[in-house]
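Next up, some structures in structure tokens.
Both complexes below contain chain A, partnered by chain B and then by chain C.
Presenting the complex of A and B:
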């Protein structure tokens, strides 16, 4: 009944990981955000049957994982939890596209299997890179980076204040749910009627909290503007990180080293 | 119903980013102009509230399964469309970052499906004109319920359209549609009931909280709608005309010619020239990658596929080895007292 308990735990884990320290954590958030975006764009821009050409891109998440010390098991577990949608939609590819496009040791590989595996690889790469980005960057730094890269200030403010109250309200929601569970004779999720009552309670408390926060903010001179600490300039190391990885992606996207290597080995 | 990066092409994902990004900019300006400093903590806390609500599963009657609460329409009713849209967008950003729901490229699509649809389509066009000014009553309840269902149905339709337009998954449009819509109808019915019940609950406890936007004019809400329509149609026509294998391919099959002869006139030439200059991805591939990428587009060649798989697997192993070595080095370094 507590699907939510797990995600709350993960949220805390990611938050703790993001505040860690490593060579990757110290890289400017803008550099990491830009490189991750470029990575995702490169990976999804391959044609739908690409598998071999995608695999070298795994270098990026693997190196970041290794250097940052983010636990591999955590990333894999998170990937497994969110995989079902992409897998469910992709799993029909082998059934619908049966044209044999390659054969390995006499066994034919259909285009559908190839594109299904491609979807799985894309999924692991894009989501993996995103998880590593968050696990190596504190959220306020990400917000500042987004602001410096052109996101509207109101929106960044909203993101940061949402993040600030997330843990509080999640805790409150858990307490309410515990109170509910202690009072019902069964161990089932609440019916929609009970759920609506719980939600209404939570909502009223949330609004009351927002009012208290607003009064406290006014007492401290709040004028409707959320001020963020200025970001330091990008250092040489940050530039090296950004330019190095972008160059690496460009090489993988334009030169296809996997093909060359494979040709060298199998000659065909 | 989060859209996933793995199912999107850069063209579709980018278009949705453009649309959602523009809507976020418009909504941000509107919220800033309203200059109500109470909104700032309220939006933050209500965003967190949506999360807190999603941590509780609710049982869906008759299916034995459980779902969770999307809350788009509820927020629009409580906050008004602009603040509600920003709040949902921020919830989706945090979901993408922390729960890996969807991904970075899919964020635009997700903000559109779950935020834009509820706040800028269903709320101003269906809910607002039909709900009336009474805070309770049958009509109000029925309209709220139907609007919540409609928001989810349209969102699910968005997922299907984006997936089909990308073409990474082979699932036919009608089959996917037939799977998605009934599932989200079941979820939507429950979501609608909950929305109605929560709105009533809050209206009884604090009538001032419900529908603050009803007292303002709703005309400004149409701005994001118009912008989105222009962007979507513009971007789609741009990609449709730059896309060599979709539309043109079927036309070529039909007519036996590569292209239908275009009546030559000044307007056409000007448009083509403009398009040539504006296209970031001329004919689908990144500039310079044409020779390499083109043959593998939809008809993979046996030889290159196998060699690609072999080479790819090898580089993957190499990358894992490098990662392992780096991790070992890191562990040895951190073993030293500093």
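Presenting the complex of A and C:
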């Protein structure tokens, strides 16, 4: 909680990356959001034993990473942090499903192992793609895109306000914690009692700030309706990006080129 | 042009805990005047400001902005006429990007989008912040935030500007930029501040508040040279109005 550099989400880094500039950053947020959602849907829609058919989908995150300049380490590190959840979801599959469904070089592979690996691959692909989306798109643009694509206004407004004030809240908590640290002789984390007091402080400050923000909004004619200026139309390049990737996913999903390729190699 | 005038008459206001924040405050602002409100902490300065933009309602007394009294029915008109720049720009810049924030007011006033874009650009250029338009507010420096906050208020084209501590928390250069910016505005201005040197630069007239009452109202150069008055109200003579520590030469503010 002190440095912020190693926290789970590390919003600071994510935010900085999102403000970057590359061919991917410049693509309209709507195009990126639609393509990423389609990607996630395609990946999760495969049969539970699918592994080989999923692998070609890695093209999408790999190309985006290469073009956008988002550090691979950034994505890998975050995947590693969330990986235990995916492992937990699939870890019992090999024990429960022992039926051999395939064999490689004479070694039988059970359905359980296949589905376990499949879960891990899906996890890496989907979470990776979402991370890349957020790392190449400023959050405000993302919110706007979600709004244009029919996400509930209340929800998006909440999200954008959260984004706006999260950094401020983090800064305030950091200051409060520093003040605490400087007045205790040891370097242990705050006791529950002190922690409760600190949290209470933060809550009071947040409430006071919320009141001031509301006053500022009223002063500028706020009447309950949250208005945003419409985004410009998507350019030819944005459409190309969207249609190109959607077509690519459709081919991978419906034609199974990996499967066909495999059969070709085996000579079946 | 009587409509840029502000009249405050015997305004009293008590907070729910019973303390009188304003205890019979009266003054008038003429069209185009630039007036400072100074006073110690708790003198009622910010409370006064919140009355002029209709956030708080006086328990008794009367406030007239332009030709209309401040009342529930006139709030929409009032908020179009009076622009408030709050003390903490983080409270004021609540939209996800600078551009959206400046557009917030005009859109609420029902301005068509094309006009609104032009207005946002114009206002951001006036404060020298057009290049910041796509930034989220948390990626701005203190001075940039303050200038954007001013632009956001200008975008509603108010006749009267209320400024709460416009120089607080700024480094000397940021403070200088804000002072020069404000100096360039022809609006009627009311500046609440502890920065008495800023008062000498920006406001020919000063109102001193003390315990919810007007302790003095007159030319800044006279009042800010009055050590006894300032001392009594929890303030002190600003550096620019003090005699030279070496030769004892007094800048002669009283005549200025």
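Methods note: the second predicted complex is superposed on the first by the 242 of 268 C-alpha atoms of A that agree within 3 Å, B and C clash if a C-alpha of one lies under 4 Å from a C-alpha of the other, contacts with A are read in each partner's own complex, and residues count from 1 in each chain.
Convention: a contact is a pair of C-beta atoms (placed from the backbone, for glycine too) under 8 Å apart; a residue touches a chain by one contact, two chains touch by 3 or more.
No experiment lies behind these values; they were computed from the predicted model shown.
In the superposed model, A:77 makes contact with neither chain B nor chain C. Look at A:26: by the touch rule set out above, it reaches neither chain B nor chain C.
In the superposition on chain A, contact is made by A:200 with chain B only, not with chain C.
Once the two complexes are laid over each other on the shared chain, residue contacts for A:155 go to chain B alone; chain C is not touched.
Applying the stated contact rule after C-alpha superposition, one finds that A:93 touches chain B and leaves chain C untouched. In the superposition on chain A, contact of A:213 is made with both chain B and chain C. By the touch criterion defined above, A:140 reaches chain C but does not reach chain B.
In the superposition on chain A, A:227 makes contact with chain C only, not with chain B.
Where the contact sets of chain A with chain B and with chain C meet, they give residues 139, 160-161, 163-165, 168, 209, 213, 217-218, 222-223. Those residues of chain C whose C-beta lies close enough to touch chain A in the complex are 50, 53, 55, 76, 79-80, 82-84, 86, 88, 90-92, 94-97, 99-100, 103-105, 107-109, 113, 116-117, 134-139, 152-153, 156. For chain B in complex with chain A, the residues that touch the partner chain are 2, 4-10, 13, 24-25, 27-29, 31-32, 35-38, 40-49, 51-59, 61, 66, 68-69, 78, 86-87, 89-91, 93-94, 96-101, 103-105, 163, 167-172, 175-176, 190, 193-194, 197-198, 201-202, 205-206, 209, 286, 288-289, 292-293, 296-316, 318-320, 322-327, 330, 334. Those residues of chain A that touch chain C in the complex are listed here as 15, 19, 138-140, 143, 160-161, 163-165, 167-168, 209, 212-213, 215-223, 225, 227-230.
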